[in-house]
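Please see the structure below; I have some questions.
Labels run A, B, C, D and E following the written order; every chain starts at residue 1.
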Amino acid sequence: MSVLFYGSAIIAVLATLLVITRTNIVHALLYFIVSLLAIAVIFYTLGAPFAAALEIIVYAGAIMVMFLFVVMMLNLGQVTQDQEKAWLTPSVWIGPSIMAVPLLVAVIYAINLNQEQMAHTVVGGKEIGVALFGPYVLAVELASMLLLAGLVGAYHLARK
Amino acid sequence: MYSNLIIDLMQIIMLTISTVVVMMTTAFKRDHGLISGLTVFGLFASLLTFVFIQPVLPLEATQLLIIDEYSLFFSNLIIVGAIGVALLAYPYFQNHNVQNEEFYILLMTATLGAVVLACSNHFVSFLLGMEMMGVSLYAMIAYPVHAAKSAKFPLEAGVKYLILSALTSGITLFGIALVYAYIGTMGFDEIPAALEAAGELGPVFLIGVLMIVAGAAFKLSLVPFHIWTPDVYEGAPVPVTAFLATVSKAAMLAVTLRLLLVSNAIELNVVTTVLTVMAAASIIFGNLLALLQENVKRLFAYSSIAHLGYLLVIIIAAAKIPGTLSVEGVSFYMLAYFVMSLSGFAVISALSNSEKEYDQLADFRGLFWRNSWVSAVLITVLLSLAGIPLTAGFIGKFYIFTTGVESELWFLLTMLIIGSAIGLYYYLRLIYIMLQPAEDDTNDPAAVSLPLGVHAVMAAMTAAIIYLGVYPAPMIDTLQSLASAF
Amino acid sequence: MEMPTVTMQVIPMEHGLLLAAILFIMGMVGVLTRRNLVFILMSLEIMLNATGLAFIVASSHWGQVDGQIMFLMILSLAAAEVAVALGLVLQLFQKRKTLDINVLGEMKG
Amino acid sequence: MLDLLWLVPVIPFIGFLILTLTFGKLPQLAAGIVGAGSIGLSFVFAFLAGSSFLGAEISSYSQTLWTWMSVGDLEVGFTLYLDGVSLVMMYVITGIGFLIHVYATGYMSGDPSFARFFSYMNLFVSAMLILVLADNLALLFMGWEGVGLCSYLLIGFWYKDPNNGYCARKAFVMTRVGDAFMAIGLFTLFVSTGTLNIQEAMLEAEAQWVVGSGVATAVTLLLLGGAVGKSAQLPLQTWLPDAMAGPTPISALIHAATMVTAGVYLIARTHVLYLLAPEVQYLVGVIGAITLLMAGFTALTQSDIKKVLAFSTVSQIGYMFLALGVGAWSSAIFHLMTHAFFKALLFLTAGSIILAMHHEQDIFKMGGLRKDLRWSHALFLIGTLGLVAFPGFSGFFSKEEILASAMENHDGGYILYLAGLLGAVMTYLYSFRLYFLVFYGKKTHDGHEVMGLHLQGPLVLLAIGAVFAGFIHIPVEGVFPEMEEHHPSVMAQAAMILLPMLGGLLAWWVFVKGKVDTEKLAGQGFGAKLHRFWFTQWGMDWLYDKIIVTPYTWLAEVNKNDFIDSIYNGSARAVRFCHEVMSETQTGQLRWYAISIAYGLLLLVVLGVLL
Amino acid sequence: MILVWLITILFAGGIGAWLSEKRNPELPRVIALATILLDLFLVVLMLVAPGVLGLDSASQAELGQTGEWLILSSSEWIPRFGVAFIFGADGLGLLLITLTVFLGLMSLGSAWNEIKERTGFFYFNLLWTLAGVIGVFTALDLFLFFFFWEVMLIPMYFIIAIWGHENKEYAAMKFFIFTQVSGMLMLLAILMLVFFHYQSTGEFTFSYFDLLGTAIPDGFGFWVMLGFFIAFATKLPTVPFHNWLPDAHSQAPTPGSVILAGILLKTGAYGLIRFTIPLFPEVSADFAPTAMLLGVISILYTAKVAFSQNDLKRLIAYTSVSHMGFVMLGVYAWTSQGVQGAVMTMLAHGFSAAALFMLAGGLQHRIHTRQMDKMGGLWGVAPKMGFMAVFFTVAAVGMPGLGNFIGEFLVLLGSFRISIAAASLAAIGMVVAAVYSLIVIQKVFHGENKNNLVVEDLTTVEMICFGLMMIGLLWMGMYPQSMLNMSEPTLRSLGVLFFQ
């Protein structure tokens, strides 16, 4: 299991690195999906099979496809790719990247907790379902309103 | 018990129902007046439900929401703000040549989000409320993006707000995740117990809390997370700016204060230090930035940075003074600021529409002699913002001073005085411009006749400013009782 | 049907959080460095995804369901956000024929 | 009749009110009647009150009108106090004042501001009467300042010439310097004795103070400061010659007969204090001696007829100070009175001459006028003889008394005596220089005597006074400590009488015979320097200009815009600058905004880790 | 209640004046006149026949006060903080109220013919300023006091900003910021004081009577006192807080200058006497030498600056600062003579400065300049004006027989006891005052009328105003005891040092 976890972790990090450095949007999207799949594996190793499934279905399946649609609609060609290349000069990315280092160091320092090993239990779909329609029922209702807001907003904005 | 829960959630339920009704009506009949009327009616109906809610307080509606006097106060405030925004939006969008009805749906969802945020007692509802408000606002800010001739820069403002807000949402969420990882619970009121169980305070918890604070600071536009404020304020349609300045801030403030107090995070040294730095910086930078600002909307944006800095002083004071004074003070100041902002934006809105906004300082020249009523409202607002007696702003400032003195925050009080001194300049500058005779009357935004709604908003808010300034005792009593929740 | 509560092989929570943090900060760097609005949105998704991961890690650490619920909420949030954001992307491209966010700099001062 | 005393200062004040509040609408005749008549009436009441006072054979009489100020231990009444000294002063002021007023109705006739002139004059008389009748120093100070004000107003009476305004201001400010000292003196006296009532204070002082103690010295020095300013003694004398810019009756009344002698009156009034501070008393004498010499020399170089008289006034007051310095209190008052007569006469006659010469005041442009101006010549001669203390004339009696007292005084009085004697010589010299230059020599301009009862009438009365006033006995016994009678030796008396006459001879020799070319003497070499030195009153004006006036105006001009203001404006500018710097951060660029938020997060996280 | 009525009448009159403009632009001034006259009538009744108004000592007993308080009324306002409406007037208060109402009348007189535009709003502001000032003089709850302190500020700002002269924006802004910032310091100080009182007694109260004698922890006393002091010293004003004044005075319209110089400055002095020293007796005693030094510096420094001014109103403004230096000196001497002198200076300066500003304003109204080098020889064309100028200048110089002298004399006498050096230096002020005052007469009224200015002489309304002020000054100068008697019990109750 731990091999699976660390292997997927490395894949996720590398794929994500590629996402943020690609110049071609479609390539980047594909790498992103790779990253999402790797994370789904990690979810599984962590005992969250339901989340892993959702990660693939909703994230990789729905949201990324939405991106893909938009990219296709805009018909971005070679021009934008060259443009991206021109924009991604070291002078642009070095600053934020260097800034990210201390931030990462600080966070790593902070999460470097007690080293005790913790047991992982599998929390499957049923518990989630029970929780969703038990204590979290309001959250579900509210999430529907959130989606409604997104829907109405997107409907209005995306109109020609 | 169960029926109590229904009554408790009545406001939220009413809002949801109204949203659905408005949406359904829109689907069948697009009529700006009708929809706007329905919205206002729905909002009024949800506001009035507090009469039923009040007797059964307080109650936890599942672990997610808590309805007590405190949250009810802020919910009411939020709904009042939403009513105001709806009333302002009607004349503003009247000439807008593309569909306006969705705006009211978004307004309703945003309001709902704000109410949820104000009532939330759990990170899940916190997230949902914040994002419901946020997502609706993205669209509301960019609302006139289709118009052939839009008054401002809705697209620019919308994109800026979306990107930056999403960025800080991510930060907040990550912070919540860290906190959750450390203590294993997401209910606000369970945090102290969980912390105790976890033993010593881990840095991961602190960083998590700070990240949440950063997220809240973004919504409250506190330095250094203030930078979006002027652009978004300016670029958004005036009613939306009013919403941002009032409802969005009130909701976020309500939940932040609850979180800080209930979780005892306010007593953490790090948190008070960070808040102190943010308060001082907000007060000074906000006022400095506003100093020579020529655009009134941006001016209000910068001044809101400063005012939230002032407010933070009271919150910080909560760390040192026992009792309820601090909550009372925050609520009062927020109330005052709410009323002042709404009133101020009502004036700008009264002069503007979706095709042309009169938001340059020069547009206000001679307003006092052209339309003394509108200008008197604005003068009252500005004086109140400057903290002059007879206005709500003064009692608010009085609370800051009182709490500041009691908790001996001399540094912040010094900053407050310096900041207020700078602040006087730009408030007076605007007043002065209004008092001067106009150079020419051809470009006269005040000539437009205004619908009753805008007058009503201005009149009600001005009356509130004066009333709270002259006779604050009843409101203070109310706030005192709601503060006893903590 | 009863789901067996299997004690799985141990992975320290820190490692999970570490991964989430690395992804999160990579997403953030993406937001800061890219000029193309679509890339920025993608980077935001990376950040959201990373927080989702963090919640799952924490949830599995505590053996609770709450973290996963939060993950679900984040998922719906991401969907709603992306929907609205992509609407704006369309508008930007329609109006300016570019996705460069640097053109959005009319308001300042 | 004593209880009518309050009417004496009040009547002129009523005259002032009438003349002022009509704002020049009163016809000239009516204004003249009110102006001069009120003083006449006041004189009548003064006379009535005075005679009943003398008849009642009491040493003093006081009349409290109302409580002026009563704060804590300070009790100041609006109280008039009459004794021998104030009686003399009251007579001099109302009597001579009346004559001068009458004269002025003629002198000023036709002036567009005729009524204004008399309103100021009436106010002056009123204030002067309050000064001399005051029973406490606060009330005295009120009169003291009041006369200063009137002096200012009257010097600047012809307001169109800015120079008059300058002279008026100079007079006011310089006397105010003295007044400031006097005020501090009052405070010191009050703090020490607990009262401002003159008689009580003197009793208290006698009881408490040790002779020559610090407080006595301080109080007397400070009061002396006031006296010196008002009486134009060194070093504050320079305003008086400039004060001649006013109409001539003013010069006669204020700057010769009454106001300028207030200093003498003040010191005489508070003589007990000076007796407790012998050094200061001696200083009074020394100041008088130096002043009388200085003024004598300066008078010799002047060409303006009124300025010569002005310096002679300074000089004569120097005599009075000298007298005070040697303890000859009554002699000082006596000289004050006689001086009032002959100096008023001289000034008014000079006024007649000026009128006759069509407002020409330069004595070198006059000459040989004794034929044309018979009246003036005769009257001027009488005045001059009084001034030089020619035996038999009023000045003779008073000045001899002073010199005799000085001679007899054992504490260094001898030097004062010598100075006085030299001064007497100088008096002869400059007086007759003036007389000869005006009435003898070559006639260059025609003059026509302006005649009229109200012009010559008062002059004649004054002339009578100037001759016979020496025989008046002033009723000051009981006010001042008894002085032993001085009987200088015959030789000394002869020297005192004859020696000064040499000065007259010298004047005759130089100015009538023309034996010495004065112009040549004063025009080159050492003579020029000496002339200049004398002419400029020993350079005092120049000195004041350099060390006080110029630095003050420079300082004021440099700091015209109040440097403290620039501190505030500077901080305002700093805030503006900060605003501009801050505004630069609002670039409008989304990426920059995102980066700033990331930095903000970094800041927070770092703070969190560090703390 | 009568005090509340005084204020309410003014508030109501102000609103009435504003509203009446629509009907007829001439109406507001009539309403304002009626309002002020009504107030004046009430004030005179209070002074002459208090029985008619039902004033007796019964209401005083409630607050446990003894006879010094002639009028006292109290009711709740914000019980949460122990804030109450406490109004009271003793002799000192009554004197200042009388001064306020009287000078209000004078400023109305100066506005009568000068203010032609937006009359309604003008008289609204005028009356509200007066109401604020009366509030300041009568409020005995520190919150209420602060409230009125600010209320008088805003209408004044409007008066300067709307009807002011060429540089009004700068002046109005400066005026507002100076007073407001110092006011905030005072608010801070008030709250600290209340807090310390709360700490020792567990009771929130802003009542003046309760706060007297509050125990303040070591090290804080000075700062709390300083908060009050700076606020009052700014209003007074004292160097180095005086810079708002020359600008505000020179730019304000004449009625504004009259109120500013005549009344508003007095609130600062009143605050020092009523609050700063009695509330912090020990700290104030330690601070007194510094304050007296500031007073002396004010006297001399601003006299010097005044001397070089060419702008007539600016010059008069600087002289005001100089005169207020005497007040500072006298108050901090804290002897009966010193404080009585300060009170007399307040009253007399109110008259003389107001009159001088009216003259300067009248001149500006007639010849449209305040620059003295453009004037000259005006005596010939406007003798009445010249006479008034001389009279009030002379009064300002401190001529005995007029009110200012009594004030300065008593101040110097009172402070001489405490500090010989300070009093002696201040006495130099007598000399420099003569220097700058006479230069005004010289430049404006003496000399040749170079520019052939035609100046209409004073109108009847103006003559009445000046005449009343003349009588007032003469009254103060000749019979000051009538006023000294009124303020004496107050000073005794405040603990002023009486030497007997």
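Definition applied: a residue touches a chain if its C-beta (ideal position, glycine included) is under 8 Å from a C-beta of that chain, and two chains touch if they have at least 3 such contacts.
Treat the numbers as computed from the prediction; the structure is a model and nothing was measured.
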Q: Check every other chain and keep only those touching both chain B and chain E; list them.
A: D
**Q.** Chains contacting each of chain A and chain C, listed by label
**A.** B, D
Q.
Measuring between Cα centroids, what's the chain most distant from chain C?
A. D
(Q) Comparing chain centres built from Cα atoms against the global Cα centre, which chain wins on proximity? (A) E
(Q) If you average the CA coordinates per chain, which chain's centre is most distant from that of chain E? (A) A
Q | Comparison of B-C and C-D by number of C-beta pairs in contact, larger one | A | B-C
Q: Would you mind pulling out the distance in Å between where the CA atoms of chain D average out and where those of chain E do?
A: 37
Q | chain B and chain D: spacing of chain centres that average the CA atoms, whole Å | A | 77
Q) So what's the Cα centroid distance for chain C and chain E, whole Å? A) 66
(Q) Quick check: how many Å separate the C-alpha centres of chain A and chain D? (A) 102
Q: Would you mind listing the residues of chain A that make contact with two or more other chains?
A: 96, 99-100, 103, 106-107, 109-111, 113, 136, 139, 143, 146, 149-150, 153-157
Q: Mind pulling the residue numbers of chain B that touch at least two other chains?
A: 124, 128, 131, 135, 138-139, 142, 145-146, 158-160, 163, 167, 178, 181, 203-204, 206-207, 230-231
Q: Would you pick out the residues of chain C that each touch at least 2 other chains?
A: 13, 17, 21, 27-28, 31-32, 35, 57, 59, 61, 64, 66, 69, 73, 77, 80-81, 84, 87-88, 91, 101, 104-109
Q. Among the chains present, which pairs are found to touch?
A. A-B, A-C, A-D, B-C, B-D, B-E, C-D, D-E
Q. Which bits of chain E are touching chain D when the two form their complex?
A. 174, 239-240, 242-243, 246, 304-305, 307-309, 335-337, 340, 377, 379-380, 383-384, 387, 390, 394, 399-401, 405-406, 409-410, 412-413, 416-417, 420, 423-424, 427-428, 430-431, 434-435, 438-439, 441-442, 445-448, 478-481, 484, 488, 498-500
Q.
Considering only the defined contacts, which chain D positions touch chain C in the complex?
A. 583, 586-591, 594-595, 598
Q | Residue ranges of chain B touching chain A (in the complex, touch as defined) | A | 9, 16, 19, 23, 61-65, 99, 102, 105-106, 109-110, 112-113, 116, 124-125, 128-129, 131-132, 135-136, 138-140, 142-143, 145-146, 158, 178, 181-182, 202-204, 206-207
Q. What residues on chain C touch chain A, complex-wise?
A. 1, 3-19, 21-23, 25-30, 32-36, 38-39, 41-43, 45-46, 49, 52-53, 56-57, 59-61, 63-66, 68-69, 71-73, 75-84, 86-91, 93-94, 99-100
Q. Within the complex, which stretch of chain D touches chain E?
A. 20, 23-24, 66-74, 78, 116, 138, 141-146, 149, 152-153, 156, 159-162, 164-166, 168-169, 172-173, 176-177, 179-180, 183-184, 186-188, 190-191, 552-553, 555-557, 559-560, 562, 564-565, 567-568
